[in-house]
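As written, the chain order gives the labels A, B, C and D, with residue 1 at the start of each chain.
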Amino acid sequence: MSQYQEKATVSRVEQLSAKNYRLTLDSPDISGAAKAGQFVMIRTGLAKDPLLRRPFSIHQTSANGQFQIYFKVVGRGTDMLARVKAGEIMSVFGPLGRGFRIKKNSPAIIIGGGLGIAPMLFLAKSICRLKTDCSNDHIILGGRERSEVEPLVNDFRQFGLRLGLATDDGSYGHQGYVTDLLKSLDLHPGYTVYACGPEPMMARVYSICKSGSMQCQVSVESVMACGMGACLGCSRMTKKGTYTHVCLNGPVFNAEELIWNS
Amino acid sequence: MSQYQEKATVSRVEQLSAKNYRLTLDSPDISGAAKAGQFVMIRTGLAKDPLLRRPFSIHQTSANGQFQIYFKVVGRGTDMLARVKAGEIMSVFGPLGRGFRIKKNSPAIIIGGGLGIAPMLFLAKSICRLKTDCSNDHIILGGRERSEVEPLVNDFRQFGLRLGLATDDGSYGHQGYVTDLLKSLDLHPGYTVYACGPEPMMARVYSICKSGSMQCQVSVESVMACGMGACLGCSRMTKKGTYTHVCLNGPVFNAEELIWNS
Amino acid sequence: MEFVDNREDIFPDLRVNIGSLEIANPVMTASGTFGYAREFENLMNLHRLGAVIVKGISLHPRPGNPPPRIVETACGMLNAIGLQNVGVDRFISEKMDYLAGLNIPVIVNILGDSLAEYREIAERLVGVPGIAGIEVNISCPNVKKGGVAFGTDPSMAAVVTKAVKEGADVPVMVKLSPNVSDITLVARAVEDGGADSISLINTLIGMAIDLKTRRPVLANVIGGLSGPAIKPVALRMVYQVASSVSIPVIGVGGIETTEDALEFLLAGASAIQIGTANFINPRVSEEIVEGISKYVVDENLPSIRSIIGGLSINDG
Amino acid sequence: MEFVDNREDIFPDLRVNIGSLEIANPVMTASGTFGYAREFENLMNLHRLGAVIVKGISLHPRPGNPPPRIVETACGMLNAIGLQNVGVDRFISEKMDYLAGLNIPVIVNILGDSLAEYREIAERLVGVPGIAGIEVNISCPNVKKGGVAFGTDPSMAAVVTKAVKEGADVPVMVKLSPNVSDITLVARAVEDGGADSISLINTLIGMAIDLKTRRPVLANVIGGLSGPAIKPVALRMVYQVASSVSIPVIGVGGIETTEDALEFLLAGASAIQIGTANFINPRVSEEIVEGISKYVVDENLPSIRSIIGGLSINDG
């Protein structure tokens, strides 16, 4: 398990919508070692405030030693990150955590909701590379409105998998939930569903998978201080009644291991 | 006494030597109200660290609503300030303090040492404006080496006053102290000496003035939290045995009011 | 006249009660961080303040500590001003006229070296027009005699409170030191001593060292830590004290924004004080009054009072 | 052989003594912030550390608190991990082999609910290879029983120290809580109780509130404040304690840089611990070892020991 603390140069900053940004970082060690579903911890400023690094999924990597993160401005750290300019240098730590366990022989349904779309590009890429043909696999992207989904769609199109789109307000794709689209598929127990998004979405996805006897992997969030097992801050209760740590044993879990309130 | 908290746009950033910078800020209210010797308090970052504003002398103002500061990177706040880019917006508070009391009918000797050169450009300008002819006034600039003095000399040349230059290492102008140059002048009690620089320099200047019965005004520094009389942090002992406050009663004092260790 | 619609005057309703003292809104400026208010007159609208608390006043003038008196720390600052002030008599003759003219409640922060001094200061303030209350500083870390011991020993704190109450003709707020093992013990002691309200926290005791000179940065060696760094400690203590006493609690420590202020109200504070933040943004207290006002409107609250102590604790 | 020049081995001389324990340099990792060291093996050279202090161990395994367990504050963080740990037996069987193999001093941080538990943990650690010392946590704010009371009451602190000393076969370091009125009283009590050294500070008790949900952010309501925000308090307490006891003091609280570490040594600490900073830069402890080494060379010091307690106080 190789983890690196790299000084990464920002090579590109894209503003994809009012609050959503994408950064491209030159970070050969991290991008070389990363697997889909893993994350990095980024220091968003130079000073002591904000103090802690912030966790971000690896959005995609490229062969030339770069990786991207896709994020939304929600607070002080992400606000600072959105002000970063190309050429600046950031301290990045990763890749961290356990990513998705790709089931090579099982058709995939990838579901990303809102910012949960972030890790799914890397996952879709990895699945298609592993399978060479992924035209039987599905990807479902959803969000509250058009701007949360549309800017990313082209990136997903390149793999040739079947794409379903949904927004809560119907401003883009199906009006409704990603789970509507999931249910509309001809589901069978052979599928593996990979999901990332808001907790209620993942809970609904898991309950569909459970009734359909499908494998379900989810990427969950937690407040993190260290991202690598040192602080024990990122605990989450498991069905066994013990705490697991999202940064070490996740962020991707088999959904059945966790407790879902819904 | 008008003081403003302005959101000032940075219109220019100049790096004058390895560690010395000059910022030009669009700040019509402050530049309109400022007098030579006054200062501003600048927030150097957006976050809570560094927490406090930093004090900087007003280097010069311009008729189009701009003022400049000239500063050296010595710690975290000035380091952040040196990274500011044109177009960024900073919170600036001023003008603060009591500036120089220009004696219209007295020939002036202006002495700036190191960063103490900063307020002297504004002072020279103000003196020359008030007197219309200042060719009998003197200005003496000094520093440890060439880079502390040379980049500013042209700005001082424009007023037509007599210019003396000194560096500790002799790399520019006279090798030695500004006080050597002061002593070499034909001094008489009519002069008013205005000085800003390291404490030992000001102490020596004052002792020369004292023996020559010349008026001496000095601009001194102090650690400041508020810059406007609210915290009582910037105290300095006076000859009377009471504390005075640099931000309110200074930064420019008659040297004879203060205690000088030398 | 009966047709005049007065709703604009009371909506949003920001009034809070500090015992018998009703103030227009819960925002006060903290002692030692707002001078004697006049320093701010050109920078903000002083009339918007709920109350002004002035720099600590002692019986006799005090010169304060030698410099350096302040040093910045991570998200905070240490101060060792040493209670520089003009003394109670000159305070009354030189400062109170202006303050009384502001027509906002003025609370006088006082500090003594002995019980007798505390009581005497309170007595000298009797009948002075414009004084709405006294805040008793039993917690300043920057004076060598008395101060600290009073604030850390519950029974001494109670006795000081009693002494000031006996002397004073206005409500008495006692300001607690956070440098104690159990803040609720001190709080209950001053409540028993007759305090009308409690404010907390004063500064945490801290120190900074200059590596180059190998000396303490502050001439006084130690100083009081304030600013956002201490907010979590202040919030915890306000919550603990508000749950332990029945008199009003005023929260102070690291408040910089409207959100900070509202958090203290949720924790049980009836009002808040703004300290170090005044140095960074001299308009901050007015901005927080505006922010609280907006919050009451946006959240459709009947009054700001409805959120005081409104924190829900999960027992789940 | 007598011609071998060994100066390179001892220059720069970073060795310090914690009572009978000599460590190669004054840099330790603080309990609860460095896991069981293995988490860092790919990120830094563990062999460069003066000592490793592992996560607090209790007699029986503890699940820890429900999430959220951490929240960032201004220049700091609150944690309420709740002493999640595998218990002393599994610690010995699962973790000690690796730790012993590192060949650096391992100090085991322990916590009990009762005197008997403290002593029993110490006894179970007797004879376990690789353990260089025990650090007694009498100050964790995150467990409801025992912990807090032990740390804030000097006589209880002394009794716990005695109990652990009776059980242990290695030097005992007692870790003090900063949430007390007079830290020197507790320090002297644990010295009298037989402590071989004292470490301080543990976290300050704090709280954070989520305005949107109107609930405490931490499921545990309160948590321990750590990070740069608390450094001034830690430095002051280390200075006070180092001036009050004759056993070695180990400084901890907000150390992020070499300069921070050196300031604690000047204040009287014989060694330092690095906590929260490990989360931000997992290599920080090694970098500080390097930084101290460079300082000793640059300043031409005979050894790092020569600056311990070297603070000059102006009496002027």
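In this section, a contact is a pair of C-beta atoms (placed from the backbone, for glycine too) under 8 Å apart; a residue touches a chain by one contact, two chains touch by 3 or more.
In this text, all values refer to a predicted model and were calculated from it rather than measured experimentally.
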item: Chain at maximum distance from subunit A, centres defined as averaged CA atoms; value: B
item: CA centroid of subunit A to CA centroid of subunit D, Å; value: 37
item: Whole-Å separation of chain centres (CA-atom averages), subunit B against subunit D; value: 47
item: Shared interface positions of subunit A, touching two or more other chains; value: 48-50
item: Sites on subunit C at which at least two other chains make contact; value: 74-76, 227-228
item: Graph class of chain-chain contacts, one of line, ring, star, complete, other; value: complete
item: Residue ranges of subunit C touching subunit B (in the complex, touch as defined); value: 32-35, 39-40, 42-43, 55, 63-72, 74-77, 79, 81, 84, 227-228, 256, 276, 278-283
item: Subunit C-touching residues of subunit A, taken from the complex the two chains share; value: 48-49
item: Subunit B residues within the subunit A interface of the complex; value: 45-50, 76, 80, 85
item: Sites on subunit D touched by subunit B in the complex; value: 74-75
item: Contact footprint of subunit D on subunit A as seen in their complex; value: 1-3, 5, 43, 48-53, 91, 93, 222-237, 242-243
